[in-house]
Each structure stands twice: as structure tokens, then as C-alpha cells.
């Protein structure tokens, strides 16, 4: 298992769905950053289940406690351990699944890899694993905001067949995103997304979607060619989130259909340095931030756990009909928004610390 | 700069477009693997320019020399240094660009990050940097093939607006891919792609495309949750290739439009363990290989360097008209095929070594 | 800060002397290892203060709680989070020191590096930081013992000018070590060490010492040349323990005075493979375990915090007389024994997992 | 194998004793550093054999070639590949050893670990492996000198039973060290060391020794607690050098015999910040540089390869008498001086880049 991410700003997450606690250790956060639990809790609240009719009704308060690394409201430069108790454990809901690997879930691969798996819930592949990421990401975000003025905003840009209209990437705020329970800032699309999700829940089915994200005011120069290019680490970070199947930055797959003369972002003079007249590059040039906004999209598949009967086999290969009980999100993208923001912040905070312009030479 | 990839099977690449040599050091390759330069050269030949009318006519032989780590035709377990001389250097072709950052190229971001940049060519952002990856990837592939029977085949599945029909992922060979100069195994689509590329070259423009890849016979159990999931490391690897803008695995972005009941891959009994009746997951479950074929797609933007005039500014902000001279590929995807294969092999070889099923406990 | 150690078997520690908790996350421990808190607590009990007249009388129970990674008494392969509450906090004891950097302590360097430091106690340089190491080390040791039969035993071999006689490295047990409060298995030397420590305490002074350690039944082949040689990682591990100033393996500094003809360990036939007739190499050849016992010695300086008055200056440079109050160990080596054992186990567990004899090729 | 050292300033070495070339790739060296082969060659010349009567008479010119990463005499920020051809190959000298693992050499452990070993010479455990370290270290040293004024000087402080008198650590130069072929700045001791080495050579034996090293003008604040403390990384670096058996910093093992009141370094006011009146700490406090000179000692065992007959066994366990032929150093410490300096520079350069005082917060 590999539960650490980052080279200088590093997070290590821990915890399964039904153990005592989940959380993270953030190591390498610069000293003297103002930090309190209140800086972290809001993103956990946006991630937690039970926020609206659209999500599972597991009632977890998910209160974060800072165990170390902060004194008198400031970071010490030492590891910041984050602790969130697992309160709402109902292992029984999952018990009957134990002999049946859920289709498109991690039961089979975990069992084959480790020779054992958590008896209930998804173990480490559970959505609860993301709590540590979101908490750590909130610290990274505070650092980025304080030190560089970086702003990170994600939103739901598609649910099933419904696409949101283009949003104003330059001005969009989290407040605007959170106006709709589905976290889509396009009200008309958001309303239809909500209908879709409720209909899917009714049908005991699930549906996929897309989360878009913009990172504004990223200074020029972040990203470490050739293997730790900004887009490469961002892609790793996003594809490490459960249920993701794709990542694209800037023009993405759509850009493959263009000519260079259509796609290129020509330069113009800015108050400070140069800027790009267009931004099909998505804020990166050669793996390094260009000073333009970084933006990207992340594909989330429909959740694997559905109430509809599925014809499959158990671990021994015997045919069975599986109908999931328990509490499950019919669509993960509304709750995935703070996870995408958190992982983006972790990527950028690490690259910020790795950027070494040696003025001394 | 971060030029090392991998945890146990590690590659470090080096070299700019116009220095003495490019290459790589492969550390952590298991001992006693049969290996000779002939195992590496074919993929370099598939990557090099001047193979066909579709690519730049820089004439580079790109002969690889193994400097260390191999004795009597077998690896010693020690670092394998790979050396490819830079022969066809024509710095003059690039010299006039030096005061103008090429649009959508890395000149601007490298200059701002490092305070200096290679005087000619793309420096480290040049396509020549990929030689080290391809050479190292060929070693990884030999290891995967010998030890596990893994087969990796990539092909061009789109150029501009032209999409190839679905190919037979189960049986496709490199020989079939190489039948067409554009490396598209769908002959009709391939012919149209070729026309497009030649027309684009004529117009002194460029065009994007998509490379698809399948990895067959990957054993169940590879991938290290949560941050080094197979798809996460694959996404990092692919987005670290120059000119890439997107990655999707299995159902990808298209899968976001499906219901869970449509998307889930139910299990069936196999001669050994279980298999999936469908493979929308793309061979991964919870970040771990499932035993099914791993397949994914990579988006390549149109090359930034075009002969058509572009209105842009120089480093000081003064408006200029830029018309690239020199030798440039109008479309990178045919030559990107062995690069994608090489990076896929590097990801899998590392995850293979990291997979530790401790039968001893 | 860099609080993670290991490549595959990785520990991340957290916690200062007076925050809510200290602990560690162990990632990469193989699945299906039998593990309970009772496997960890004994080493914490050997490490904790207040065990005897020789150590500080801070009364901390230091009970470890496993937060994650273990289910039904077996590891899951997922991160094992370890939590030890900080109970006995008396920040007032240290408050008066805050304007004075303690001589040979970390106050000055932490303040200069981080621009802030923990207001009380030694912060991250405190001995409490080692709790996470000892707890994690106990897990590593359980793994090594179960999977390979490795035995690790450390003891006090010197206090001040008093050296223990050579011990029977082949048979020494922890029980024998713990017979004396000073953890010296040579009873005569141990008695004199105890007198020395009590006299030093009476004089409000402190004294240094040496901890020796043997690791038996280490299989041949562990260690990763050239930079992660067994002795190199062991040296790093030992010099990362607070208050250490030296490390030697096998013949050590004494061996520099010998001729090769005296020093070389010639081979002899064994039931399985070859063995060495002598073991001046200390169980390593070329950075790789040889199959012989690994043994080494670690130098600990006298604790910096002493009650005797010291003429020094405060942070602003004004002369002051400093007399430490509070509770301090006059000699750390008895309590350092389980720390040395724990770090040795962490080194060996990581190298065990990194050893990849590819029988498949 | 693990041939990469460093987190931000990283070196990867390659090469065996009798392959085509040895060398290194330095990644992460800051851009715009003035650098030429002439900055590197002098340390290689000090390392190479055949410098004096004291060393083996293998005649290798060991000319370094910079393959990449430097343009117009300045680093680009990209990987610097360093190449040194292996010219003087006489595999025949070693051929007869192939069935006999040399006592206290790495033949046995390499064979057992990798299932294969270089047919001649020591392979990767050969002293030639250190060429890459020395070359890379010279670059690190140039960076440290240019950016911070750091000075690193090592010397031979003991050969066998002969100890040098204390040297003036504050002023010692490499020129003074190189006045004697044995690299001992104490002329009387140096003369006796030389006699010893010549006598040992005559006796076809070998002898050990100690290299001391001082690093001056290291700024306060370098070192990353808790696992990458300055002394911990330095210990790893030194124990990764072939033939080393011990490391001590500051007061070292001798300091364990002192009382705290004797050992503590009290502070005094300096023009800038505070200084220590004495420096038993060896320039580190809590794993972080204190602003005082960093100094340490490294123990080298007598070389394992000796001409005197040794009674040992071959790989199959049959008794044999072994008499080494070929060219071998009777004492490695004179040539180890630049290796110790190089590794020290690599440690410090990496810690320099990792030190992040965030004035921005």
C-alpha cells in the first residue's frame, strides 16, 4: 500500500470505513501558518454524507481534531496529525456481501492482492478514506491562499447525459457552487441533474458525472519536468480518487481535434511578464505553470454499489443474485467536489515548495 | 527538475535536444534478465523521426549503447546506463526564435522557472527527451514479457476529427499496427488520417490525435492504493509525455454518462479465479489490476510549432509575427505510439516489483 | 521536516512533547500479520520514563491504541495508525526557559530554521518523539520475527568511563538485559554504571553512554547497494535518534587499526551455503547482509539538560545563568535500548521487503 | 539496487569496474551555476589510482565528460549526465577468483542476492563505483561554494595505529592536505603513515585508517528532523562508501565518556545571531546545522583484497588457499579523501535545497 503523497508537502492518510478513526499526517507544511480546526472542518462538511437528499443518509459528524504540529494557532513546521473518529458504524449492513465480490468494486482485487480484506464496507477503498485527503487538502489550501493568493474552485459540470453550460472560470466562488445541492453553478442544468439523481436513486441505480476545477493565481514556474510535471502530478492525484476514470487539462480530448493554428495560445504583454490571449493549454506549458489559470476535468463513473439485482458469482464462482442494501450515494460528484479541490491543493502546495528559483546564483 | 520515475524499477532520463547525448539510467531491474541492445533498438527506431513522409526529416540514427549493468548478455541487478548520441544537431534552425517564446511551447515557462533556457531547440521539453523513456521502457517491457507474459500494444485511434473503428484489443499486434505509417490498425481510417496529416503539413499547420493502448496478461494484484493506484501512476506517466492533455482508462469520460447497472462488470468463473464479463473498468478495481486487460487512451494536442504565421509578442512584450522554420512533425501520434508503450511498461514493471504477496505469513 | 522513514515498510511519526498525542502511521506492513496492541505495549513500557530510580519520574502510562489497519487480530495491508495520548503535561516546568536557548539542545536551531518553536519542552526534538518509532518498530519486529525468525537485542555496553565486558551476542535475551535497571547484561559493570548514574543525578549533571545491538538470523541478501546499503540505512536510523553522536558496525573504529590479514573473515562451509569463521564485518558484505549476525554500537552523548548552572546567553545575546528545573534523565542509554531495537527493526523490515530475488527469470 | 541519493539535489550513479563507462546523473542542480569539466576533474584526479607509490598502479586517466545539462558554461536546471570511460580493463587479473568468494569482499553476498555477479573485479562493489559520486560531489561542492561559501576539507587522521595530531579545522586547506601523498596534514604522523603503508604493501597485506572532514560556513538551519537530520544523512552517506565501518560527529564515541557539564556547548553573542563557545556538537543541534563548523570522522577497514595467502573455501564449500594477484591498494584512506568530501557535499547540497524558511507567511 502506498498512502503517502508529495515530496516536500507530504500527506499520509490512514483509516478504513469501520475502524476507530480515519485521518492523515501532513508533514512538511511550512511553519508559522495560522491554522485551526475551523480551517479544515468546512471542507469536511462539504464532503460528508447526509448533506442533502442527493447523498447517503449515513449520519456522521466527521469532526476533525488536530493532534499535533500546531501551537498557539500557528503551525510549528512539524507533522500535523489529523484525527476523525468513525462514529456511525453499521457493519451489519455489509455483512451479507462478504462472500460475494461486488461487481466493479474493489473486493475481488483487494482479496487477491492482500489475501485478506476488511470484513465490512469497502475497507481502504471506501469513500471514508478520502476524509484524510480532504482534511490535509484544506491545510494545503490555507497555505496556498496565505502565501500566494491561490484560489481553487471545483464544481459539477456533468451528471449522466446532462452537461452544464460553461461557467465563468475567472470569477466562480464556492458560495455560488454550493447554491445548488448538486454543486452545479448552472441553475438550469443543476435542476435537471438533481432530477436525474433522484430518479436514479428511486430506480436503485446510480449514475456518473464530471467534476471541473479551476486553480487561479497560480504563479508561473510550478511543476517539475519531466516526470513530475504539474499536469502529470495532477492526473495522478485525480486518478487516485475512488471511482475516477479520466482526467483532462485545458483543451483535453476535445483539443485533439483541432489544428495547431486553432489551438495555440499566443502571448500578449501583461503588467508583469507575458500572458496568453487564450488558455487552451490549461495553465501549463511544458509541465510548468504559465501564470494562467490551471483548469481540468475529472470523470467519475457511476457508483458500483446499486440496489438493482445483479447476476454475478461469489468468490468460489457460484452464480448469485446480488442486491445491495445499506446506504449508498446514487451519484458521487456532488460530494467529490471538495475531494477534487483538496487533491488539487496538495499537488500545488508540493510543487510550490519544490520550485527553487535560486536568485543566489 | 524531477527526472526519475518509479519506486523499485526506476528510470532517470537525461539530455536536451542539442547536447552531446541523451539517455537514461535504469536502476532496480531484476538481475539475470537476458538483455542486449537489440532488445531496445526496435522501439527507438519506431520513435525516431524520418521514418515516413508523415514525420520530420531530421535524420538521426539514434543508436543505443548499453554502458553498464549487463554482462554476458544478462543483467547484473546493477544500474543499466543507456546512451544515445545526439548526431543531427542544427542549432541554427532554431536560433532566430531565441527572443520569442513560441506560443503553447515551453520557452516562456522554462525561462521564468529556471532563469535560463537552452539556446536552441526545446531543451528538456524537446521530443528528444523521450528517447531515454523509450529505451528504458523497452527494458521494462522485456522484463514484463519474460517474467509474466505481459503484452503491451498501442496504436493511433484518432487524428483530428478522424476516429478509428474499434480494434480487436485481445489480439492486436505491433506488426498490425505498423502496417500503416500512421500506426492506425483500421485501414480506412488510417488512410484518411494520412491524408489529413499530409494536408496539414502542406498548410504548414499541425493536428492533434489520440493514442490508445492495451496491456494484456497483467496479473491480478498490481497497483498500490491509495496514491499509487495503477490508473493513478499510469495517468502520471502519460501526462508526463510532451503534448499530452488527457488520459482515460476503461469507460473513461464516456462512462460518466452511464448508469451503474449499465456500467458494472459482473463476475464469472474462470479456470483460475474469477473474471469480468465486461471490462468497462479497464482492468483495474480499486486501483489494483483485476486480471482483465488494462486499456486506456491518451490525448495529444496539435504540435505547437507550426510554419503558419502567428501574431504574438517577444520576451520583452513587443508584437512580432512568428513563422517557424526547421523540421517539425505536423502530428505526433504515430511517433508517440512507442513512447506510450514505454511509459506503460515502466509503470507496470514498477508495480510488479512493488506487489508483495507475503505467502510467508 | 522529514518524518517518514522507509521505502516499502514506511513509518511516519508525529507529535511534540506537549500536544494532544504522539504516534505513527505504519504503511506497507504486509497483510495477514497477527497484531494486537499487546505486541507493541511492552517496548513502550521499556522506553517510558519512571521505570526506575535511574530515569525521570514523569508518570506517563503511554498506552498505545491501534486506530486502523488491523481487523480480527490481523493486519489488512493498509496503514496502521498508532495513537498514544500525551497525559502528563506540565508546561510550566519549561516556561522560564523560553527566552534562553538551552546549550547543546535544539532550541536555537529550531528557532532559526522554523522561525518558531514549541513554547515548552523540546517540541519535536523531545524524547517523546521516539514513542512513534518504538511503537512502529515493534510492528516491524513482529513481522521480522514471524516471517524470518529475526531476533533483535540491544543493551547498554558503556556508561561514561565504565565499559561492559563482552556479552554473548549469540544467546543474549531481552530478559537478561532487563535484569538490571541500567540494561547492562554484565552484572559487575551494570552495578558500577548504576552508581555512576545516581551520582551524576545527585550532582545535577548527566553522563553519556553506548548502546550495542545484535540482529540474529538476518537472511543473506538484505541491503540495497550503493546508497541504501544495510549499514548505511542503519547508520541513518541510529543517527536520527536524539542525542546520538556515532555509529559503528562490526569492527568499527577499532578495526581501522588492524591489518587485512587480521581483519578478513574467511569462509567455511555451512549446512546451507557458506558462513564466516569470524565476523569482523558485522554481518554485512558490500552493503548486503551475509547471513552472519548484524551487530553495531551507537554513541549517546550526555543529556544536554542539566541542573547545574551554566553560563550562557539568551536569544538576544545577553549573558544569563541557566539552571534547568523539571524532570530530566541523567543518562538516556537505559531507555534508549528499545529505541535502538525499534529503529533496527524498521531498517531491516524495509530491506526485507525490498529484497527481490527474481526466481521467475 | 538503489543507486540514487538525495531528495531535491539527487545523484544517480552507474557503472561496474569493467563495463564501458562509469558515471552519474545529477538531477535537481539549480540552474545558472557556472560549470565546466574543469570543475570536476581535479577531484577525480585526487581519487584515481596511480597517483603515488601508495596506491595501485592501474593507469586510468578517468577523464570526465559532461553529456547534458550545461550550455554556454552554465547549468540549465536539467539533469547533468557525467561520463567516464573505463579504459584500463584487465579482466584476466581477476578471472581465477571467480569460483572463490573473496573473504570480507562482496562476492558472496552479491551472488546470493542477485543470483549472478560481475565475472571480474568487484562489479558494483568496486572502488570504481565511487567515480560517479566524486564527480557529482564536485558539482554539489561548486554549488555550495558559489551560493553559500561552504568549504569542505577532508584529510587522513589515522592509518593503522598511527594517529595524526589535531589539525587546525578552522583553516586547513586542500593544498595543505595534498602536501603529503598520504593526505595527512600532520607531517610527522604523515611520514610514519607512509612508512606503514609501504611496509604493509611489501608484506602483501593491507591496513585501515580514518578520514576526518570539516564543512565550514554551513548556514544555520540545514537538516530535516526527524529522519533526515543532518548527521543522519551524513552517516548514511559515509557508510555507503565502500569499506567504511564507522561514523562519528562532533565528540563522537569519546563524548559518551563525558558529563553534560563538560560536554555542553554554551552560547555567546556573535555579530549575527548566537554562536557556541565550544563545538562538541559538531555543528548540529537536534539534527539541524547550528552555524558552527560541521565535522566528523569515518572509519575505513583494511582493504579485503590482500596478496597474503588466506585459507578459505570456494562457492561449493571446498577448502582453498587464496592469494590475490592484480593491483590493489594496501590502504584506501588517501584516495578516500575526495570521496568523503564528495559525499559530504551531496548531503549538504540536498539539505540546502530542502531548507525552506517561508518568509512569505
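First chain written, first letter: the chains are A, B, C and D, and each begins at residue 1.
Assume a residue touches a chain if its C-beta (ideal position, glycine included) is under 8 Å from a C-beta of that chain, and two chains touch if they have at least 3 such contacts.
The structure presented is a predicted model; accordingly, all values stated were derived computationally and were not measured.
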Quiz item: Going only through chains that touch each other, what is the minimum step count from chain A to chain D?
Solution: 1
Self-check item: Most remote chain, CA-based centroid, reference being chain A
Solution: D
Practice problem: Please work out the Cα centroid separation of chain B and chain D, and write it as a whole number of Å. | Solution: 38
Quiz item: In whole angstrom, how far does the Cα centroid of chain B sit from the Cα centroid of chain C?
Solution: 45
Quiz item: From the C-alpha centre of chain A to that of chain B, how far is it in Å?
Solution: 26
Self-check item: chain C, residues touching no fewer than two other chains
Solution: 1-4, 7, 13, 31-32, 113-115, 124, 354, 358
Exercise. Quick one: label the inter-chain contact graph as line, ring, star, complete or other.
Key: complete
Exercise. Spell out the residues on chain B that touch chain D in their complex, using ranges where they run on.
Key: 1-4, 10, 12-16, 19-23, 25, 27-28, 31-32, 65-72, 74, 76-81, 83, 110, 113-119, 123-124
Quiz item: Which residues of chain D touch chain C in the complex?
Solution: 1-5, 7, 13, 101, 103-106, 108-110, 112-115, 122, 124-125, 129, 158, 160-161, 200, 203, 205-210, 220-221, 223-229, 231-240, 242, 244-253, 255-270, 273-274, 276, 280-282, 284-291, 297, 299-306, 308, 310-313, 315, 317-318, 354-355, 357-358
Practice problem: State the interface residues of chain D toward chain A in the complex, per the touch definition above. | Solution: 7-8, 30-33, 143, 146-148, 353-354, 356, 358, 360-361
